[in-house]
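In what comes next, subunit A is part of two complexes: it sits with subunit B in the first one and with subunit C in the second one.
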Partner chain A sequence: MRVLTAVIAIAFGILILLGYFLPQAAIIQTILLNWAVILTGVAALVGLVNLMIVHMDKVRRSEKGSIYSAILVLVMVLTFFAGVILRPDHLLMRKVILDGIILPVEAMLMGLLTVTLLYAAIRMLRKRADVMGIVFILTAALLFLGSATLPFGDVPVFGTLIRPWFTQIFALGGARGILIGVALGTLVTGLRVLFGMDRPYGGK
Partner chain B sequence: MDYLDIISGLLSFLFTIFVLSYLVGDNPLFRITIYIFVGAAAGYVGSVIVWQVLKPQLWDKGIAAIFGGTLVDQLLILLPLLGAALILTKISSRMAGFARLPMAFLVGAGAAVTIGGALLGTLLPQMEATINFFDPQLAAARNIHALEVMGNGAVILFGVVTSLAYFHFGARQNANGTMHRFGLIEIIAWVGRIFIGVTLGAIFAGVFAAALTAFIERFSSLIDFINKLIGIF
Partner chain C sequence: MIALSILILAAVLLVVITFWKRRSPARLRDIPAFTRLIRAVGLSIEDGRRLHISLGHGSLLDARGGSALAALATLRIIAERTSVSDMPSVASAGDPTLGLLTQDTIQAGYKAANVDELYVPTTGRVTGLTPFSYAAGAMHIANNENVSTNILLGHFGAEAGLLADTSDRDHVTLIGASDNLTGQAILYASSQDALIGEELFAAGAYLGGDPAHTASLTVQDILRWLVIAALSVGAGLKLVGAF
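Take a look at the complex of A and B:
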């Protein structure tokens, strides 16, 4: 089984990768990616079933906070079957589930970040006042000052000269370095899987 | 304002208040809201998967292949169907081993897509964009003085190189057992820290601005809902 899984991962991985560089392999790549989409969908559903089983176990064992788990399972099952029966784009689903629950909670959690980020920034200044920390806070303050709409209009030099230069030149250099570094790391991780050095699907 | 709008507005109003209550500390109302949110989001995603992935890709194509498809069509739908059945065995702890086969396929496919995406979507375009600053023809096409563009390009290139050097973790062992980086790399990495600090500061400012906008939008929606209710009664 260990050899078979490694052969499957490497062979199909190489076939899909070839599709990026050889036009002749593009048809096979499309078919395989369609299969991957289907299997990812089924795997996500299995994940939801697992989430339900974990929380139902908590309810069965009457663990602390099991009432929250019961609420989660109930809402999940109701939403799932309502979505399957009515379709996710049905008016009721959009108004009650999306506009009534998901979007406001997401937006408010995002709004809470305002307080959390401010608190984290102050804590960082108190606990880690090194070069990187000071540059970090100064840049954030500078950019915020440059983009703020003040009663007397834009701050002259900040908004028109310093802020664009910092975001479009200085920060771009660092961001590009980070992006290239992340891409190199991702590339190596992918290659390790294709060479069979990493086997996250099981087997050593 | 029909009854669905009222229900939607009421739910939105209550959940906004409940999440906001976290500012005074963790409390049951906040927890209930988060569990409801996770349940609703998970259920909604599940129904989207059924309607937008499984029905068109598996059910519709499967029916078309069985009734009037060629042998190749039937084979092309049989394999993902078999894979789906094997993934479903993951629900049972005794039979979960069978799910390794389709999971291996998914990992291989994911690795290939990741490599393709990293190479063609990030590495090459980012390098090309960095190089383009030194192309006088491109500067002329954008009606900007070549020296200005090249000056900016030099700062960006310097930032890219020094930021990458910051993530260079190759080190040598001293006689006393401590580790140290090569001297030149250490200096370049120190400059890279400044560039990374500026970048993270810019990202922080952007995220903070977005969070503040969301915060204001929620408050505005609360006021809107109260005004609408006052209008009704």
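Take a look at the complex of A and C:
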């Protein structure tokens, strides 16, 4: 079984990869990716069932924070059946579930993040008061000063000279360096999986 | 043509260097975050608290899958080492397929440690399908499940800030790396020992993975030098007006 799963994974990986280089293989690549999308949908259902089991177990054992688990399970079941009966494009689903609950909650978390990041910057100096930490904070402060919208327009020098210089030279160069490193890491990790050296599907 | 050449070169180098590394063990430079991670794995067994490994929300169907696969390789090693602990490690993911692989990987770790009867399927979870819902679910684990260390490896954006804040409030050690620039900046500011860029992909090698992991670091180094050479030559030619 282990060998079979490895052979299937490697064969399909090679077929997908060939799709990027051979036009003939691109058709197979599209079909395989469509299959993968369907499997992702099934995996989402499995993930939701798994999440429900975890939280029902918490409620059963009256663990810390189990009231939140109970609310989560209840809302999950209600949303699931409402979606199945009414269909996702029903006005009630869009207005109540999406526009009324999901989007405001995500927006709230985004707002919370703003405060969290400000606090993280302050905390950073406590945790790591080294040269790089100070440079990080000073650079962030300079860029904020340069991009601040003020009643009288841009802050002279900061908005017109320092910020563009930092973002276009230092930040862009650093970002490209990091992204090249990540791309190389992704390439080699992908090859490791393709050759069966890493088997994240339980074979090894 | 260039892409195919790089791919073939990387593949040949990986195979050759993997065989070479089997004979001569690798020497790795010290990265404080990995030293902390190794210590956290050991301590979690001793003090009866669990590790929470969060694998981000990178989909395996696009370019973000690379970081997810690297995180799975790390999870496999951690799961094997902490499988006999009273408080087994918990992993969370923000993508359905990654969630399935998370469960499979943890189970593989338990099998490798010959304790597969101790495996609990609910230790690998999909906590949400959007970045913020995933972060909210992962924060719940970090808050309520007696976690000693939060390990964030994979694709994280701005939502990493929420997870980092939870770690700080609970006085839990945070080790984090993301392939996303926003996530990386936030984790750099939030964690004590930051992991930058491709260091995310080195976790397996530092945790004592097989020779393929150390070989892949060498291949990355060789390719990086080739990129540096190409950039330098290109800049030089542009400077002299060759093109």
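Just so it is clear, the second predicted complex is superposed on the first by the 204 of 204 C-alpha atoms of A that agree within 3 Å, B and C clash if a C-alpha of one lies under 4 Å from a C-alpha of the other, contacts with A are read in each partner's own complex, and residues count from 1 in each chain.
One rule holds for everything that comes next: contacts are C-beta pairs under 8 Å (C-beta built on N, C-alpha and C of every residue); 3 or more make two chains touch, one makes a residue touch a chain.
All figures in this text were calculated on a predicted structure; none of them were measured in a lab.
K.L.:
For A:59, using the defined touch cut-off, is the partner it touches subunit B, subunit C, both, or neither? Pick first, second, both or neither.
P.N.:
After superposing on A, A:59 lies clear of both subunit B and subunit C.
K.L.:
Can A:28 be said to touch subunit B (first), subunit C (second), both, or neither?
P.N.:
The answer is neither, since A:28 touches no partner chain.
K.L.:
With the two complexes superposed on chain A, say which partner A:186 touches: subunit B (first), subunit C (second), both, or neither.
P.N.:
Both partners.
K.L.:
Once the structures are superposed on A, label A:87 by its partner contacts, choosing first (subunit B), second (subunit C), both or neither.
P.N.:
After superposition on chain A, A:87 lies in contact with subunit B alone.
K.L.:
Contact-wise, after the overlay, does A:197 reach subunit B, subunit C, both or neither (first, second, both, neither)?
P.N.:
Touch partner of A:197: subunit C, not subunit B.
K.L.:
Report the partner of subunit A that touches more of its residues: subunit B or subunit C.
P.N.:
Comparing subunit B with subunit C, the partner touching more subunit A residues is B.
K.L.:
Once chain A of both complexes is superposed, is A:136 in touch with subunit B (first), subunit C (second), both, or neither?
P.N.:
both
K.L.:
According to the stated criteria, A:155 is in contact with first (subunit B), second (subunit C), both, or neither; which is it?
P.N.:
In the superposition, A:155 contacts neither subunit B nor subunit C.
K.L.:
Identify the partner contact of A:170: answer first if only subunit B is touched, second if only subunit C is, both if each is, neither if none is.
P.N.:
So A:170 only meets subunit B here.
K.L.:
Which partner does A:124 reach: the first (subunit B), the second (subunit C), both, or neither?
P.N.:
second
K.L.:
Do any residues of subunit A touch both subunit B and subunit C, and if so, which are they?
P.N.:
Subunit A residues touching both partners: 17, 20, 33, 36-37, 39-41, 43-44, 46, 48, 50-51, 53, 65, 68, 102, 105-106, 109-110, 112-113, 117, 121, 136, 175, 177-182, 184, 186-187, 189-191, 193, 199-203.
K.L.:
For subunit C, which residues are in contact with subunit A within the complex?
P.N.:
3-4, 6-7, 10-11, 14-15, 18, 59, 61, 63, 65-67, 69-70, 72-73, 76, 96-97, 99-101, 103-105, 107-108, 121-122, 124-127, 129-130, 132-133, 135-137, 140, 143-144, 158-159, 161-162, 164-165, 168, 179, 181, 184, 186, 188-190, 192, 196-198, 200-201, 204, 210, 212-213, 216, 219-220, 223-224, 227
K.L.:
Which stretch or stretches of subunit A touch subunit C in the complex?
P.N.:
Touching subunit C from subunit A are residues 17, 20-21, 33, 36-37, 39-41, 43-44, 46-48, 50-51, 53-54, 57, 63-65, 68, 102, 105-106, 109-110, 112-113, 116-117, 119-121, 123-124, 127-128, 136, 175, 177-182, 184-193, 195, 197-204.
K.L.:
Mind pulling up the subunit A residues that touch subunit B in the complex?
P.N.:
Contact set of subunit A toward subunit B: 1, 4-6, 8-17, 20, 31-46, 48-51, 53, 65, 68-69, 71-84, 87-88, 91-93, 95-115, 117-118, 121, 131-140, 142-144, 147, 166-184, 186-187, 189-191, 193-194, 199-203.
K.L.:
Show which residues of subunit B lie in contact with subunit A when the two form their complex.
P.N.:
Residues in contact with subunit A: 4-5, 7-12, 15-16, 19-20, 22-23, 31-54, 57-58, 76, 79-80, 83-84, 87-88, 90-91, 97, 100-120, 122-123, 126-127, 129-130, 152, 155-164, 166-167, 190, 192-212, 214-218, 221.
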